[in-house]
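The following block contains the structure, expressed as structure tokens.
Naming follows writing order (A, B and C), and every chain is counted from residue 1.
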Amino acid sequence: MANPKQHANWSPYDNNGGTCVAIAGTDYCVIAADTRMSTGYNILTRDYSKICKLADKCVLASSGFQADVKALQKVLSARHLIYQHQHNKQMSCPGMGQLLSNTLYYKRFFPYYAFNVLGGLDAEGKGCVFTYDAVGSYERVGYSTQGSGSSLIMPVLDNQLKSPSPLLLPAKDAVTPLSEAEAVDLVKDVFASAAERDIYTGDRVEIVIVNAAGIRREYVELRKD
Amino acid sequence: MTSVQGLVASPDADSQRTLYPYVTGTSVVGVKYKDGILLAADTGASYGSTLRYKSVERIKAIGKHSLLGASGEISDFQEILRYLDELIIYDDMWDDGNSLGPKEVHNYLNRVMYNRRNKFNPLWNSLVLGGVKNGEKYLGTVNMIGVHYEDNHVATGFGNHLARPILRDEWKEDMSFEDAVKLLEKCMLVLLYRDRSAINKMQIAKITDEGTTFYPAYSLKTFWGFSSFANPTKGAEGSW
Amino acid sequence: MFRNQYDTDVTTWSPAGRLFQVEYAMEAVKQGSAAIGLRSKTHVVLASVNKSNSDLSSHQRKIFKIDDHIGVAIAGLTADGRVLSRYLRSECINHSFTYEAPLPVGRLVVQLADKAQVCTQRSWKRPYGVGLLVAGLDESGAHLYYNCPSGNYFEYQAFAIGSRSQAAKTYLERKFENFPAASREDLIKDALFAIKETLQGEKLTSSICTVAVLGVGEPFCILDQKTIHEYIEALELKEEEAGDQGATMQEDPSSEAAPMEI
């Protein structure tokens, strides 16, 4: 063949969009994500949950490539089952944070195209949020956002939550001073705003609240266009 | 090693991979309705832009509780059917009263499609899986790189652009069989008009708790007398 | 030392058509402390006696959770039981990963039996020295299976294995007709009574037995000591009311069933 044949090409990756937010408080953690799944200018479905409960006090929200996200969730759930069989208890949220990092880095040279925020309560019952890049670098923070609408949301969270500098010595707690109800309201506002400008965010936001009493879910409708 | 010029097509000559599809089927549309699931697809298969085959069945029954519809490479679809055949036979051989439902088959397909993309050797298809088991309706889809989801109505390929907007407007929970067929025909008609690889011979398959029913292929009544079909640039002068 | 010249090797037949090594493995099950299981239409209960080797040591675990819908109780070589439990767990996890649905119990039991059977046909292997009572729930209802070292498996309404299990079996045989319709609580009580039978007069306390339950809408769960203690106390009250008519059953030494048929 003299000239290369014109044909359909494929990529092993897709971006299915979506935005995730997590906010840690002194005794709670709010984890939220929209439920839209898109590809290009198409909306595939308006009701796909990006939030995965990994343990009683540990919830993962992920956006990016849906197939990779699902594979990642399944690997973590299976690893957590094995952990429970071996240790007769659930994994702690910081423990799951390290496991997620290792799992992502394990595929460093063919990465999971997944952008994660992990939220929950730590061993002391304090809210914790871990934020990641696709290949596993992570840090514990007081609040975070990932995914297609993150660039719209992050500055708002910075402005509203003002976390203390991580350079301070002695280290200051990164948890937000907000009450649980205030944090949930803030999450609703940032998603409504992101849905205005980001075409990959919309339809509905799923909000998961983790506190000493357990896990609670709320849904709020977003723009559908 | 001597390479045989002409037979060897590309630098990846010795690799056995689908680098691009050869014979392809176009959209599949599926909806939930009162008693179960309906799937619709035309029976065409294109060889590039040639409409090569005219009666290829692209909807098949999988076990007792599922229907599978496929667009994309026909040979890959046939390979998937071989996998599923093995799966269902193995399942039946237990003969213990347990059987794979649509959810299990869909999950299996998700893993197969995703594993193949991980090996850079994808099965070049978009699949629709519908089924009913124990009164529970199920409708889902998965594509060549493993992206999958469930919904009340799904469509592959062009169907995503042309059929789903119609379905979002007109689909309702617990539609009657007649209404659901009408809705599917409306979608297929739009696809026929606007998708060049669609042909006017389509098939509808049904699955309920009672089992699967395949209806014989038939044609839709078309009308080509619209003035904008006769003279598509009229009223749009200067812009095309 | 040797019973005869045909028992040094698992793969050697005796002229009478027996495999002595396999039979010895079946004996190992009888040496272990007892484990029992019984089921209704909706629930399965497993119970075991845990004896520690010394007053200074703790006892070994004899009941294992395999998945939310499957659990096992073992008698015999505990170490072999743990290895098999690990196998069962990984099979369940792999199945859930592929199908996002629980593995049917009957199929897991067959896989386990096939694994045990291989060890009876390889010169370089030894049969597992453990019997497993597999309790499970799937779309066809609640199940109780017994897997033995020979590779045989059986489904039961109620069964007991391990030392002095005959007494428990006798008790269960007397009561099993009530089991299909029994409540969860009744099954637990019958499990404790059956366990008591194997103790041969020794006092039943929450520290020497383990009880686990599994049922519709209730994932497999090993009951904590406090709960078991409450059940036992309730039983004792009931027994006092009923007077002293429940004489302990004697083990029947004449029932020497051929091992392959157990």
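The rule is simple: contacts are C-beta pairs under 8 Å (C-beta built on N, C-alpha and C of every residue); 3 or more make two chains touch, one makes a residue touch a chain.
The structure presented is a predicted model; accordingly, all values stated were derived computationally and were not measured.
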Contact-richer chain pair (by C-beta pairs counted) among A-B and B-C: A-B
Chain centroid nearest the full-protein CA centroid: A
Distance-maximising chain from subunit B - centres being C-alpha averages: C
Centre distance in Å when subunit A and subunit C are each reduced to the mean of their C-alpha atoms: 44
Euclidean distance of C-alpha centroids - subunit A vs subunit B, Å: 32
Computed distance of Cα centres, subunit C from subunit B, in Å: 49
Multi-partner residues of subunit C (at least 2 other chains): 97
Where subunit B touches two or more other chains, by residue: none
Touching residues on subunit A, where the partner in the complex is subunit B: 1, 5, 7-14, 16, 37, 39, 42, 44-45, 47-48, 65-67, 70-71, 110
Residues of subunit B that touch subunit A when the two form their complex: 9-10, 19-21, 110, 114, 117-118, 120, 122, 124, 144-151, 160-161
Residue numbers on subunit C that touch subunit A, as the complex places them: 65, 89, 93, 96-97
Parts of subunit C lying in touch with subunit B, wherever the complex brings them together: 97-101, 104, 106-107, 110, 138-140
Contact footprint of subunit C on subunit B as seen in their complex: 94, 96-98, 100-101, 103-104, 107-108, 111
